[in-house]
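Look for subunit A in each of the two complexes below; its partner is subunit B in the first and subunit C in the second.
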Partner chain A sequence: MLHAHVTTPKLVIAWLSLLFFTFISFGASRLGLGGWEIGIALGISVVKSLIVLFIFMHLVEQRFANRLIVILTFLFIVLAVSLTSTDPLTRRTFPPRPDPAAHPYP
Partner chain B sequence: MHASRLAEQFETIEKQEHAARLAMWVFLGSETLLFGALFALYGAYRVMYEGEFVESLHHNDVLLGTTNTVILITSSFTVALAIHFVRASRSGLAALMLGVSTLFGAAFLVVKFTEYAAHVREGVLPAGMYSLAAGQQPPGGAIIGATLYWLMTGLHALHVVAGMILLAVVGIGCARKVYSAERYVAVENAGLYWHLVDLVWIFLWPLFYLTD
Partner chain C sequence: MSEATIDADLPAVDPRGAGAEEPDYLRAETSVRSWLLTKDHKRIAIMFYASVIVFLMLGGLFALILRTELLTPEKTIIDANTYNQMFTLHGVTMVWLFMIPAIPGAFGNFVLPLMLGAKDLAFPRINLASYYVYALSAIIMLTAMLAGGADTGWTFYVPYSSTSPTAVSWMGVGIFVNGVSSIMTALNFIVTTHTLRAKGLSWHRMPLFIWSIYGTSVIILFATPVLGMSLTLVALDHSFGLGIFDPRYGGDPVLFQHLFWFYSHPAVYIMMLPAFGVISEVVCSFSHNPPASYRAIAYSSLGIAFVGFFTWGHHMFVAGMSEFDAGIFGALSMFVAIFSAIKVFTWVATLRGGSISFATPMLYFLWFLFLFVFGGMTGVAVATQSLDVHWHDTYFVVAHFHFIMVGGTLTSFLAAAHYWFPKMFGKLYDERVGLLTSVAVFIGFVFTFLPQFLLGNAGMPRRYYSYPEQYQWLNVLSTGGAWLLGAGLLLTLANLVIALKWGRQAGPNPWGSRSFEWITASPPSKHNFESTPLVERSAYEYDLPEEVARARVPAR
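Presenting the complex of A and B:
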């Protein structure tokens, strides 16, 4: 059943590349890229999580059933986050958001 | 030995262990969805209160956050090494690696609580407790940002504590030679939980520290 096998060198490479991507992510955030910043940061995070999932969590050597759970979880989160954020982004109502000044904390 | 720990409903030990692993993945999936709901709130409030939301993130210390990222990534690496060693029947080394990983977890919490203490001193607290130095009311979006910060990192810190307990328990099991190459699915599942803690932080770090 085990086609691919996670070996010690692979683990070390995975760890080093995670540190590398952390460095890249940190560096990119200092460039002041404005609107692109969050997209780039999240993109790098997705790459890092794939490394953790496939190498550290051994997903590369497991059955498809386990991978399916990861795929579905990821899709559900993308759906939840994108739909929930699209609502306030595309509102044409007034006011676009609740006014906290109208009901300040006591 | 196999026959004794094979539950009645399974034909083989492989099937039993696949079931245990699959159940862990399902559990981790549901845990991730719990955080997913909070990420959705983060997204919605961030676009709703653009500038104000980001104001609350200025209080976060990028250096401490990045230190914690490195700590958690390295702890994930040592946990992966522990699984590697227990599979090779080197239980002593596996126990050592799990012990080291538990200490990394403790280091993460020390850094996190140092930061929390600074927030408390500055008055950056959730909801209505959030106050600025001059006693002014912070803008509504900043209050929501600070509340989500405390909620998401606090929930993550609770997961770190749970993960440390799991790692310590299987670590002791490895030291006592309960786990070996023939029997290690419990160590593997505890490791999977720890990697999830790392995965969540991989997303919390850019959202709360880098993108302000």
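Presenting the complex of A and C:
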């Protein structure tokens, strides 16, 4: 089923939203949130990408079958990023290796 | 309903095949220009076919030189630098210029529209462009070879590839361009399958080859951009020292491996899924039996395409990846074996009760089955973390991936080359020579790679130029096998080339297949079908007599 066309007011609102999220990204980067920074930045960029895809690239007007490929692409990106991210986040041995420097005289 | 009633209801069809009254696609136009600017999927398929054979020979020549060098522990014919560059060139040529485009480019292009009852692919101009982009990528890679080649191996691992003085950036650009061609072809196949199926040709009536090509196209679409991006980053690191993967600048070399294998492990299925499609067609045609379970074969293709994306980390068990991720990837990798086993059991079950004819393609099916099962089982072994630590970067891994990727792709490519030869060229090849060369190829292959399992298990590292003397007898065996394999392939080519000129005329359906590409004349006319066929049966109704089966797909 085809949906309504993207109208000019919708384009303007989408553009303003993108600007808003850009400021949010910049603001978040200045707050020094440590490990949360990457997650927040990725979250904001996902929202911005969805706005671009659905409004500016007119995906909102498409049938579900055509949207499915974008949804799947998004899921594959999530898969690549999440499994890759778990690697540096869990680079420690199980159980932890003994550290002779920490306890030189048992 | 009696058969007489069926016959009475069905339209009369030309026994010479659809479009037999028109000149065939080879003779419709004969100028060089008509070939170079053709938008006919069959001619583009022939152009791909010729190119992949050239690259198979080139990659094979590199392999023979490498194997000959390894006849003795020290220098035999080439020096160490040339050896390093040659194994990179061998890998790059075989992976990107032969194995990935071979079956989709040559046979997918040719038979997919015929199987769907379409006059061409959805985007004929993009199809031609994809060939020229492929040719351009080959030129860039060959230029890189002439400019000194690359000595990184086909995996381009950083940090070596970002500092190597060889033509790594050029090679990366060549592979990037090659990926563009793959994406164009994949997109074309997906859109064609969705939009150009003949009337009545529902998804569950399609030949299984289409399912496998469709699955392959989906993987290409999702994975190839990641390869393009990663190699671009390596090229930028190499040329401008950006340091994306360089720890000195906060980069992470293991990140490159994540990105590279996110493409390159699914790429194994980009090579194997089309092979599965060919094998499914061959098994049904030469056992004159429908598949034991159509849905099992069709859906397991999609299953492999999906699960193939969860497994890339098993290439990195010893790279410095976390043990947690390694455990997850090891477990996930084994899921692929489930879908592969579904396929193997279904193919074997298809033979049951069939009227089996042992023509050359069927023999290649048997070789495929042996190599795929053997290679697949060693795949489960190398996905086991503790075993992989012992075998990593040894000849065991070389033997494993050659059994799966090369064994699978090559035997199915040769099965397809013989199976669709009458359809593509309207001639029959010499069956006795076909059987003989098939045996030579198989024995050559096994003698080349079986000793490498033993070499790897005994500890011989892959890619090494020299080795201790105790490994020599296995290397001699492997080199002898490689020369036999090379001779078998050359004789196969000679048999097919001779058949082009002197082969007997083939009818529209010499194998008695029920698949839809055999409805047309051999070779097909330029536009395949004058009018869109109306499909009233599935692609595997072997219980119907051939005339009735043909009449249920009336096409002019």
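We adopt the following convention: the second predicted complex is superposed on the first by the 85 of 106 C-alpha atoms of A that agree within 3 Å, B and C clash if a C-alpha of one lies under 4 Å from a C-alpha of the other, contacts with A are read in each partner's own complex, and residues count from 1 in each chain.
Definition applied: a residue touches a chain if its C-beta (ideal position, glycine included) is under 8 Å from a C-beta of that chain, and two chains touch if they have at least 3 such contacts.
Computed from a prediction, not measured in an experiment: that's the story for all the values here.
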> Which holds for A:Arg92: it touches subunit B only (first), subunit C only (second), both, or neither?
Replying inline: second
>> Taking the superposition on A as described, I'd like to know which of subunit B and subunit C A:Thr84 touches: first, second, both or neither.
In response: both
> In the superposed arrangement, which partner chain does A:Leu31 touch: subunit B (first), subunit C (second), both, or neither?
Replying inline: neither
>> Taking the superposition on A as described, I'd like to know which of subunit B and subunit C A:Phe76 touches: first, second, both or neither.
In response: both
> With the two structures laid over each other on chain A, which partner does A:Ile13 touch: subunit B (first), subunit C (second), both, or neither?
Replying inline: neither
>> By residue count, which of the two partners contacts subunit A more extensively, subunit B or subunit C?
In response: B
> Thinking of the overlay built on chain A, is A:Val52 touched by subunit B (first), by subunit C (second), by both, or by neither?
Replying inline: first
>> With the touch criterion stated at the top, can you tell me which subunit A residues are shared between the subunit B interface and the subunit C interface?
In response: 69, 72-73, 76, 80, 83-84, 87-89
>> Show me the residue ranges of subunit C that touch subunit A in the complex, using the header's touch definition.
In response: 221-222, 226, 252, 254-255, 258-259, 262, 309-310, 313, 320-325, 328-329
> Can you name the residues of subunit A that touch subunit C in the complex?
Replying inline: 69, 72-73, 76, 79-80, 83-84, 86-94
> What residues of subunit B sit close enough to touch subunit A in their complex?
Replying inline: 14, 18, 21-22, 25-26, 28-29, 32-33, 36-37, 39-41, 43-44, 46-49, 62, 66, 69-70, 73-74, 76-77, 79-81, 83-84, 127-128, 137, 139-141, 143, 188, 191-192, 195, 198-199, 202-203, 205-207, 210-211
> Tell me, which parts of subunit A touch subunit B in their complex?
Replying inline: 1, 6-8, 11-12, 14-15, 18-19, 22, 25-26, 29, 37-38, 41-42, 44-45, 48-49, 52-53, 55-58, 62-63, 65-66, 69-70, 72-73, 76-77, 80-85, 87-89, 96-101, 104-106
